[in-house]
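Quick heads-up: structures coming right below.
Next come two complexes built around chain A: one with chain B, the other with chain C.
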Partner chain A sequence: MALSSHTTSTGFLLPSIHSAPPFFTKQPNPITNSTATEQWIRLISEYARFKRLFYLRIDDCEATGNDWDEILRNERINRRLLPTYLSYIIETMIEKGLAEYEPPKQTRSVILYWRAPEEWAEALHGWVVSTGRLNTIMTFYEITEPEIESPLSGIPLPLLRKCISILAKTNRSQIIAIPDGEGARFFARSTLQ
Partner chain B sequence: MGGNQSVPKITAQDRAILDLKLQRDKVKQYQKQIQSVLDREQAIAKSFLAAGQKDRALTALRRRKYQQSLLVKTDGQLENLEQLVSSIEFSLIEVSVLHGLKQGNEVLKEIHKEMNIESVERLLEETAEAREYQREIDDMLANNLTLEDEEVVQAELLALQADQLKAPVKVPEQEQKEANKLPSVPTTEPHSTEPAKEERITIPA
Partner chain C sequence: MRRGVGLAAFDRHEQSKRSFAELSTQLSESQVQHLHSQLAQFRTALAHFATNHRDSIRKDPNFRHAFQQMCSSIGVDPLAGPKKGGWWAEMFNLGDWQYELGVQIVDICVSTRERNGGMIVMEEVIRMIVKLRGVSDAEITEEDIVRSIKTLEPLGAGYQVIDVGGKKMIRSVPKELDTDQVLVLVTARERGGRVVEEMLVHGHQWTRERAHAALENMLLRDGLCWVDEQDETYGRAYWIPSTMEWD
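Presenting the complex of A and B:
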């Protein structure tokens, strides 16, 4: 049977390997396994970028009706990704810095970095500059749910925090905390770096 | 964070602004919540109506109306909060403008301190004095020459002038260029005037 790529109802192009039944189980041969895992990682990252998904849970391959249905299962060949294999893929992604357990100290849910946190940090700073909000105190809500959609709309708080602390290393941000919540303030790039 | 020299300190003012903005966010979130309730009540009313339960649909719609009134109220509150935030931020800008003016003023004062009128007057006086002094020296030097010396000097000058007349006169470049230029054709009828005589100017030594 010839394998063919498939476009999902949401317009995402699945690679032809997604129609191969062995793709859904962990391969015993280490070389085959590393190639297949590589493909899975690319597929997951691309899909997450496509749909702006930030979290992946082991649960997502166990139950239907979530954001990941289209890629973690293939009804046309009656296959689904098994939880053990997914957790192996996730471990590999963490090794490569493409994901991180979130919340930490558990292994069933990860935050995906289809864009490196450093890039997110730059995007955040760029957005702050372009909307003229340097030196203004902003709430986290203001950043993640802006009235006009921004490249940062909907980014999870842990990632936002990470971005802010990355920018803080170059003195471009500062977190302000009060009992009621937190906010941040951003500064122009210092010329003294 | 903290201990960083180049980021400004967080003041009580900053915290107050953050607090205000967090309140504003809460109102916004509350509005979102009401909006979802509104949508839900409408769906409920629709399904009751479909099931033929007109009273219950009416109750749902009444609840919806109430929530709607809340939404309008929160809109007003949100407006107040946002106005407050804007005016605080605007005042902060004004403060920084004032600060800038103050600093500029101080610099100007500092400069003026160094440049007060008395010292300028004194400086000018001193310059005038120095010039006077120089003139006196010149006079003295000129007077020091004896009559004999003066005659010798004059004679030297004459000799130099004579030399210059004998030597082939070097036409300065500027004049040479003008000489190469042909005169333009006269446009008017010539009428007799005295012939233009070429005048050779003796170049002073």
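Presenting the complex of A and C:
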């Protein structure tokens, strides 16, 4: 049988391995397994980046009608990623620092780091500087839903908090309590406040 | 010759024996010389032919094959020679060509090893080499691959061309395939890569235990196949990537 790559209706190019039926089963041979899992991780990360998806849940492979349908199942060969395998893939992603359980203390939902939190933090700081918002207090909402779309548009709050705390380590940010929730203030590099 | 009866007859006999010996040495010497000159002539002719048709030999696989066959039928090994790379290299840089091909074969075998367990179909290698080379003016044939793999032999990497039910496969891991595994490979090839125990039990009159053991060994021990637990008919199927066609 010929295995070929496939472009989904949303324009994402699926690799040829995605049309191999055994790809959707966790492999018992450790070497084979690590190859397959590696492929899954790459596929998930690339797809998340492509569609700007931040969350992956075990439920996503159990039911249809979510953002992950194109990846977690292949209707053309009638296969879907099994939940046990997905949770193994997620564990491996966490080990590699590519994901984190969110909310914590459960294992059915993760936030994906297709960009490392440190990179997100730098992007956030870069955006603040380039839009002239240094030293201004901003609400979280202003950051995640700016009027003019930014690289940070739509990032989930846990990730935003993480970014702010990363920047705080180098004294470039500060979380501030404001009347309707939380806000943050950013400073130029190496300014001690 | 006069038949002598006295003592002198012995002398005469000795003498004629000596001259016969001399004559024979002379004869064989001239024969050897003749052969030498013939060989030299042949070599020049072959060299001349090779240089004249250098481009055709490098470009046209049929021509190359015919030339190689001619060489081997008259007992000349183009790879053997005083210089590194042999006479091929000396004559028309085909040594490099052969080595280059060898490197590409190794490249493909190594890069696909994790997914196929070190077994790959000949056509697949050829297809991937052509792809790897991009726009290629020269075609690659099975003979070229076989020849290149031969040149890899001294490296002791254990690359081998094996025959699996009439289909050539390249094995890049020094692993012996037993007859059961070969049969599984043949079955997989016929069925587009998918094998289930049932096929071996009904198709080859194996016991279920034997079929199970052969497949599980290939899966767990050798990494030659992948398991699919969502098979529509049997629930559990084995897929052998080296017999599947990949992009």
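Everything below uses one rule, namely that the second predicted complex is superposed on the first by the 188 of 193 C-alpha atoms of A that agree within 3 Å, B and C clash if a C-alpha of one lies under 4 Å from a C-alpha of the other, contacts with A are read in each partner's own complex, and residues count from 1 in each chain.
FYI, a residue touches a chain if its C-beta (ideal position, glycine included) is under 8 Å from a C-beta of that chain, and two chains touch if they have at least 3 such contacts.
Here the structure is a predicted model, which is why all the values come from computation and not from measurement.
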item: First, second, both or neither for A:Gly154, with chain B first and chain C second; value: neither
item: Touching partner for A:Pro22 - first (chain B), second (chain C), both, neither; value: second
item: Partner chain(s) touched by A:Tyr141 [first = chain B, second = chain C, both, neither]; value: first
item: Touching partner for A:Thr35 - first (chain B), second (chain C), both, neither; value: second
item: Which superposed partner A:Gly126 touches (first chain B, second chain C, both, neither); value: neither
item: Overlap of the chain B and chain C footprints on chain A, listed as residue numbers; value: none
item: Of chain A, residues touching chain B in the complex; value: 136-139, 141-142, 145, 165, 168, 171, 174-176, 178, 180-183, 185, 187, 190, 192
item: Parts of chain B lying in touch with chain A, wherever the complex brings them together; value: 1, 4, 6-8, 10, 14-15, 17-19, 21-25, 28-29, 89
item: Residues on chain A engaged by chain C in the complex (per definition of touch); value: 1-5, 16-17, 20-25, 27-29, 31-32, 35-36, 78-80, 82
item: Sites on chain C touched by chain A in the complex; value: 114-115, 117, 192-194, 219-220, 223, 226-232, 237-239, 241, 244-247
